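Next come two complexes, and both contain chain A; in the first it sits with chain B, in the second with chain C.
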Partner chain A sequence: MKIRKISIAAVAAATALSIAACQKAETPSGTTAATSAPVRLQGAGSTFDTPLFSKVFDAYQKIGGAEVNYQSIGSGGGVQQLTAGVVDFGASDFPLNDEQTRTAEAAGGPVVHVPVTMGAVSVGYNLPVDGLKLDGETLSDIYLGKITKWNAPKIAALNPGVKLPDTAVAVVHRAEGSGTTFIFTSYLAAVSPEWKSKVGAAGSVQWPTGVGAKGSEGVSGQVMNTPGGIGYFEMSYADQNHIKSALLKNASGKFVAPSVKGAADAGAGAAANMPADLKAIFVNAPGDTSYPISGFSWIVVFKDQKDATKGKALIDLLKYVVTDGQQFAEPLEYAPLPKPVQDLDLKAISTMTIAGQPPK
Partner chain B sequence: MRYATRRKIVSRVAEALCAVAVLLALLPLVLILFYVLKEGAGALNLAFFTQMPKPVGETGGGMANAIVGTLILIGLAGVFAVPIGCLCGIHLAEYPETRFSSVVRFAADVLNGVPSIVVGIFAYGLVVLPFKRFSAIAGGVALGLLMIPIVVRMTEELLRLVPSGLREGALALGATRGRAVFTVIVPAALPGILTGILVALARVAGETAPLLFTSFNNRFWSLDVTQPMASLTVQVFTYAISPYDDWHRQAWAGAFLLVMIILALSIMARLAVRRLERMNRG
Partner chain C sequence: MTRSRDDGMFRFTTAAFAAVVLLIVIAIGVELWRQSFLSIEKFGLHFWTGTIWNPVSGQFGALPFIWGTLYSSILALIIATPISLGIAVFISELSPQMLRQPLTYLTELLAAIPSIVYGLWGIFVLTPIVRKLELAVPDPLKKLPLFSGPPLGVGMGTAALILAIMVVPFTSSVAREILKNVPMAQREAAYALGSTRWEAIKVALGYGKSGIIGAVMLGFGRALGETMAVTMVIGNNPQVSASLFAPQYTMAAVIANEFTEAADELYLHALIEIGLLLFIITIAVNALSRLFIWSMQKRTGRTVILRPAAIEEVAA
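This part shows the complex of A and B:
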């Protein structure tokens, strides 16, 4: 009898729980007691943007803005979910290609690219050598599999006086498609004609050599654990994990380490000759202090918003992200947008419409 | 004499090998528990259970929304899977030989073998795309689909364990078949069926893949099942792939809590089985 009582109690409890779960309940969570239901926006995409967005969106909510739930599922995923109409905005480290643009336009009309931040991609290595110097051609040769030893003449020529070990080069790259790969291969394609013709620039490419690892965390982990390893990942992974980053020779012939400033300086040049759709790639940018593997990250939205409330909230959010939101960039190792880019962003945002009408 | 000695030796050797095998099987579990606890203990505090996630750069914060989210998600999974699973199981136990039953049984086995990410994509197409939004319901459907085959087969097995005397007695007293099933056989097997449900819940509580594109994740406190919902597994996944030590610690703590939840469900299941055995004996 006792058993049955317990069982019935358990079933009853489970039912009660699920009924409770089914009711729309708002429980205070230490945030503002909402007078009216806050507007909720869903976003998804770039892993690179996640830490910055977690901070910016948190701050935005605190000043009374919309609740923004952003989840990192990868740049490609973000674009896909935007196209499927499941999220309100996507975030991507690479602009939509022709095919993505066609699918997106078929689903919800034209899209707007809004650059929201800039970042640098580190080339991390695992050698008992500090301040290793590389140039584009050498890096391309390493990733083409033409340089297999760390004491190869080409590397030695760039590092005079440095005792390079006879260690084999262990090339690590991303296994899956990624925005980081897009920036990295864009750089290699920009500096090496051979890379451009043999491999090309894309979010995922046919790698001539090396092992694949999943995510920036996978690539940085693999480099850390492999003597002689080399890999590329977002700068914050190198800093947080204390991985040495190579100094890269930029277009002006100077060797620069990855830094927020290096990315910002590279981006400043891009602002001057920005294409109308804001899909600027600025790898190997000119300037003495420019870090060559730098790029924008974009928020991608449909130009025409169908839902009035959400559309208005989204436009307000975008304005905040590209202006006031930029104050959070530098402490988190992102390069804040230069003023001219912010202005271009605002201009692009002002072209957005709500159900065909300009927002009030 | 010598033959007997030899047999004794062989027996001892076999026993020792068995013991070694048991140890090897247990070792990973102990190591996992130990390692997860060691890494996660630092982040396990009251705030972890009561607070919301903090953005990067602000230490502290917790996973209150993900803890509640996981419980709601497995609750929803149970709501979807238990009625279907139990009714299927009863059918299989009552009509074990029909052609339909063998089809159902086969389907349940195949469903059991479908990778969870595929189930997630199915739920994405079924629930997320038509409504144009990620929702806890979609996550519950995905987890429920994973639970159904386990509940079906467990229910069937356990109903068959009920002594046939009970059924015969009920029928002899003039009960209809339906009445015999629902008032005698199912109640007798109820603790066992509950065990099956608990085992299935424990199995799906640890799933990440089917939730990525269904319940998604939510940075906010939300009990609204039509909205995206946080879950421990997805939160652990998100934190684990970040570059930040603070988030890594939170991920470990989340993993530890998840293991504990699954352990608790499994222990509850064991206790229910023990009661069933005692009852059948007495």
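This part shows the complex of A and C:
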């Protein structure tokens, strides 16, 4: 009986809370219509972008720009909400695939991909060894389950003079679909034909081996906890948790540690041969200092904006994010966009139209 | 005249409310079906038996998830049932009066802990302990399928332990209520026949048998649907394995994990079909336990102390 009373109270409290939450959420859309109120934009998508966006959107509003409400629901969700017309922009850690493009175009015409930031993915490990060196082939063999001991000949050959323990390799990957996984598997697919044919590159894949952990915090936690563990996560998690990161052999044959600069250098190299739609995957990028597992994150919008006020505000916001907004990237451990990429972004944004007309 | 009209109105209103529950269940079922038709069309019954879950090539089979859900819940039940009954018997029959309230309160407190907290505790406290235990398993035992595989710490065994802890407060508080409702005359009669205390408790347990089975099934239902804590410690690897050491996956966990980033239509539909399967399995488990209780009532020719509806009332 007692439980029943408690549960009634709990339900009542939860209902009250959710009603309050709804009211809070509903007010903004109500005020959007009013001409005197500031423009309010809605966005949703990538969780990877969230810390950066919080900072940039806040700063933008302080200098008199539109107010942006961003919900970090995951890249796939962001694209769906954009297609459904729920949000003004989506943010995704991977470019739209063919099917997503088809559905989006059917709903609102062509889309524009705007790279807004870059990140590096660390390969963290738990061994009493500093500065472990790995190359793409070895890493893919580990994730394919072909290398099961840390003192395997392939790893030893890359680390001459290092005493590798006989510990079993405990592979950790993300359990849920994620942009981080997309970048990581894109890299493995780029360097290993076997990975490409057996597993492929996607936000979630059929892992040949290992343990799935939830979120980057789960993967880093699992690696920290497991002697012999290896896992991948955004660079900032390695720093926060003091996890050792492997040095990876890049396309120029140099071993590079993950860093903001390494990602930026990889991105700069990618700008040179950027496809017209800006959907560049630049894993294993050329350049002596490029860190090989780096990638863009994109804001995706419809090329033609139906609502004049909102469309104008959105274009202004995008311009701010890819230029002045980049100053906030580095302190938050994102790589700021190199100048050539910023220019390409501005060019892409300038192709956007409002109700078929170029913006005034 | 007015009185009978009021009665009629009252009956109608409450019946309408009752119908809402039924409508919601039907609506959930229909909506799950509608949203998963692509996957239902493409895989048919193979969806139940397929073991491959590959979002890249668009091949989906739910067997590893069904297996993981049932296996972890049954293991949790095996661990939790004796503990819960022990707690219930102690609190209602043996405990000194002054301990009764605090003990009741403490077990109920376990139910109030959010599952994410259980999960974090699982990762940082339970997993390292389980890994040590796994390392301590002697070599000959490791040849058994139950203990095969590398000692990762996360996996089926850890998940079952967490689930068991989460199920105990539910099962034990319902079982306690049931024992409390066993008429004193039953125990007095047993004592009058010269029973020991243990024998008298056995009589009380026997009297409340169907209610206690209801309590256990309630715990099972809870274990089937638990998501967050399980996904944090089970290892999330879709495979069918009997090993307690092996990382596995559950239905609720795969939906929670993969739904947000499921990009293409078929993938999304496959995930929703997993939801549909979970819905069907939960209903089946509930229906079976009801049938079981009813058949038992018929056999013993005795009304149960707590009707099934009352059981849920207590536990809700």
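FYI, the second predicted complex is superposed on the first by the 324 of 360 C-alpha atoms of A that agree within 3 Å, B and C clash if a C-alpha of one lies under 4 Å from a C-alpha of the other, contacts with A are read in each partner's own complex, and residues count from 1 in each chain.
The rule is short, and it goes like this: contacts are C-beta pairs under 8 Å (C-beta built on N, C-alpha and C of every residue); 3 or more make two chains touch, one makes a residue touch a chain.
A quick note: this is a predicted structure, and the numbers were derived from the prediction, not measured.
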So in the superposed three-chain picture, is A:R40 touching just chain B, just chain C, both, or none of them (first/second/both/neither)?
first
Which partner chains sit in contact with A:N273 here, chain B, chain C, both or neither? Use first/second/both/neither.
neither
Just chain B (first), just chain C (second), both, or neither: which does A:A84 touch?
first
Taking the superposition on A as described, I'd like to know which of chain B and chain C A:A213 touches: first, second, both or neither.
second
Just to be sure I read the superposition right, which of the two partners does A:F57 touch: chain B = first, chain C = second, or both, or neither?
first
Regarding the shared-chain residue A:E67, is it in contact with chain B (first), chain C (second), both, or neither?
first
Regarding the shared-chain residue A:Q100, is it in contact with chain B (first), chain C (second), both, or neither?
second
I'd like to check the shared interface: which positions of chain A are touched by both chain B and chain C across the two complexes?
3-4, 7, 73
In their complex, what parts of chain C are in touch with chain A?
52-57, 104, 108, 111-112, 123-124, 127-128, 131, 150, 152-155, 173, 177, 231-232, 235-237, 247, 249, 253, 256-258, 260-265, 313-316
Under the definition above, what is the set of chain A residues touching chain C in their complex?
1-4, 6-7, 73-77, 79, 94, 97, 99-100, 103, 168, 170, 175-179, 199-207, 210-214, 218, 221-222, 225-226
Listed in rising order, chain B residues that touch chain A in their complex are 51-57, 64-65, 71-72, 75-76, 78-79, 128-129, 132-134, 136, 187, 190-191, 194, 212-213, 216-221, 223-225, 227-228, 238, 240-245, 275-276, 279
Chain B touches which residues of chain A in the complex?
3-4, 7, 10, 14, 17-18, 20-27, 29-30, 40, 42, 44, 47, 50-52, 54-55, 57-58, 67-73, 84-87, 215-217, 220, 234, 236-237, 239-241, 331-332
